[in-house]
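What follows is a group of structures, each given as structure tokens.
Both of the next two complexes hold subunit A, though its partner changes from subunit B to subunit C.
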Partner chain A sequence: MNHVDGNAMAGPLSEIFAVDLSKASGTCASCGLVGPVAGLRVYGPDPGLVARCPGCDEVVMRLVRGPETAWLDLRGAVSLRIPLGP
Partner chain B sequence: MLSAGPTPRVPLDRWEFAIDTEAERVHRWTWEELMGLPVETPTVDIHCVTTWSKLDTTWQGVSLDVLFEDVETAAEYALVYSYGGYTTNLPLEDLLDGKAWIVHRFDGEELEPRHGGPARLLVPHLYFWKSAKWVRGIRLLNQDHPGFWETAGYHNYGDPWREQRYSDD
Partner chain C sequence: MTKWQSARLIETRDETPSARTLVFDVPGWPGHLAGQHVDVRLTAEDGYTARRSYSLATTQGVELTVQRLEDGEVSPYLTQVMEPDDQLEIRGPVGGWFVWRPDDPAPVLLVAGGAGIVPLMAMIRTRRVAGVATPFQLIYSLRSPEQLYYADELRKPDPGVEASLVYTRVRNSRLTAADLPGPGPDCFVCGPTGFVEAAADLLVGLGHDPARVKTERFGASS
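Coming up: the complex of A and B.
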């Protein structure tokens, strides 16, 4: 099964967040690798988007979009460092 | 075809299937042992949560009734786990009485890795995310433990006839 890069998360996440998260930098909860969201390996889009760490393949983020609800699971990320304007 | 990660490649000489009971008793089968069990050829309709259905699909595999013959359990819940880390949960009764199989052939051909080979679970009366690809075992539990998609917004049971797609359906 082929994956695409983390930019595939950017569109669906822009529905939820006011900032472009593809530029954010995340820390993998499994192996500690730090890297941009755009560098994650994304599988899907159905049943949902699954973004995996390029270092250890563990799940970093999951996003499921229902007709009226989105579910976002970030427990595979220790933190997201989000650049904001001054 | 739906996948939540890279396709696991499991050599048959290292493949195993296990049923772990709530009393921590483990029943294991190698590939060779699985192949020695009686084979059934179910022809069933399958239903994907993304709204497609495929009618009269033909599989070959071992009924879970055969695998559970010597398993003593009072557990009501099952958590199915796969090579690659996928999990899905369902009531144990949905795996028994001719309702579920460990299948290794589809349409007369060996099950390809991208379709869940060497073996996958087949539970056709529930949405197809419950029919775990690359199945590795079943953990029997006294309490329900939601699986991979069930913890991310998908329905805990997934009955296609009641269109139980999302947790709020």
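Coming up: the complex of A and C.
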């Protein structure tokens, strides 16, 4: 299956967060690689978006949008460093 | 939080036989940065919805350039059916990573594969509007001259913008390291996933700092 990248998560994540999470820097829980959410390999969009680490291919983030609910699974990320501007 | 809002088509321009630019009026649009995109949502009469992401082609208003995919669900509508005054839903602007700001003085290398030229053209146009002299180099890989977007602007690029067109079907070879300059500039690479990964690997192989190679992939090649 052909993937896109974490830039494509900016819109779906903007529904949930007030800041742009695609430029946040994440740390992979599997291999420790640090990089922008925009650089993750993203598969989807159905049944949900699955974002994998470009270093080890483990799942970092999953986002499933239901009719009235969004499910965000972040267990593959140790942390997200989110720039908030001045 | 970014909400879906209604966008009304006001003008179209054919770029190639299979791609067209659509200009929308979006009341209350907040403005955006070069490189950002929007999500587009179409809803059928039975309630079925389809959503796609498209890059903004300029920072002067909401303009998208859409390549028609013959087996596509959304692009045939946008390129062949939709007429001025028709509406769709737009969410954006979104994406704050793959962006260029005119106050950044660093030289810029743009590498486009096919329709990946769209957000990079927004950067070239934003540079022009801002009146800055930041050195830009564009390497635009496409199959043949018939596929060239923005032909009038790219055949006579702005002063300080060096544009190279690589016609892969004509010369019968993909982009190679010999087509790309060495390290120094900030790099923006956009195109189909396979193209972007190959081009980014070539840049890193030439010594470019991976942290200065920003990429945007839009999936399968047409």
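We adopt the following convention: the second predicted complex is superposed on the first by the 86 of 86 C-alpha atoms of A that agree within 3 Å, B and C clash if a C-alpha of one lies under 4 Å from a C-alpha of the other, contacts with A are read in each partner's own complex, and residues count from 1 in each chain.
Quick note on the criterion: a contact is a pair of C-beta atoms (placed from the backbone, for glycine too) under 8 Å apart; a residue touches a chain by one contact, two chains touch by 3 or more.
Note that the structure is predicted; figures quoted are calculated from it, not measured.
With subunit A as the common reference for superposition, the partners subunit B and subunit C occupy compatible, non-clashing space. Applying the stated contact rule after C-alpha superposition, one finds that A:Gly55 touches neither subunit B nor subunit C.
Of the two partner chains placed by the overlay, only subunit B lies in contact with A:Trp71; subunit C stays clear of it. When the two complexes are overlaid on their common chain A, residue A:Gly39 makes contact with subunit C while staying clear of subunit B. In the superposed model, the angle subtended at the C-alpha centre of subunit A by the C-alpha centres of subunit B and subunit C comes to 110 degrees, rounded to the nearest 10. Using the contact criterion defined above for the overlaid structures, shared-chain residue A:His3 touches subunit B and also reaches subunit C. Within the superposed three-chain model, A:Pro47 lies in touch with subunit B and out of touch with subunit C [touch as defined at top].
With both structures placed on the common chain, the touch criterion links A:Ala18 to subunit C but leaves subunit B unconnected. With chain A fitted onto itself, subunit B and subunit C come no nearer than 10 Å, counting C-alpha atoms only.
Annotation: subunit A residues 3 touch subunit B in one complex and subunit C in the other. Partner subunit A is touched in their complex by these residues of subunit B: 1-7, 49-50, 85, 114, 129, 149, 151-154, 165-168.
Residues of subunit A that touch subunit C in their complex: 2-8, 10-12, 14-18, 20, 22-23, 36-39, 45.
Only residues 1, 3, 43-44, 46-48, 50, 52, 57, 59, 62, 64, 66-67, 69-71, 73 of subunit A touch subunit B when the two sit together in their complex. By the touch criterion stated above, subunit C contacts subunit A in their complex at residues 1-2, 37-39, 51, 53, 91-92, 94-98, 193, 214-220.
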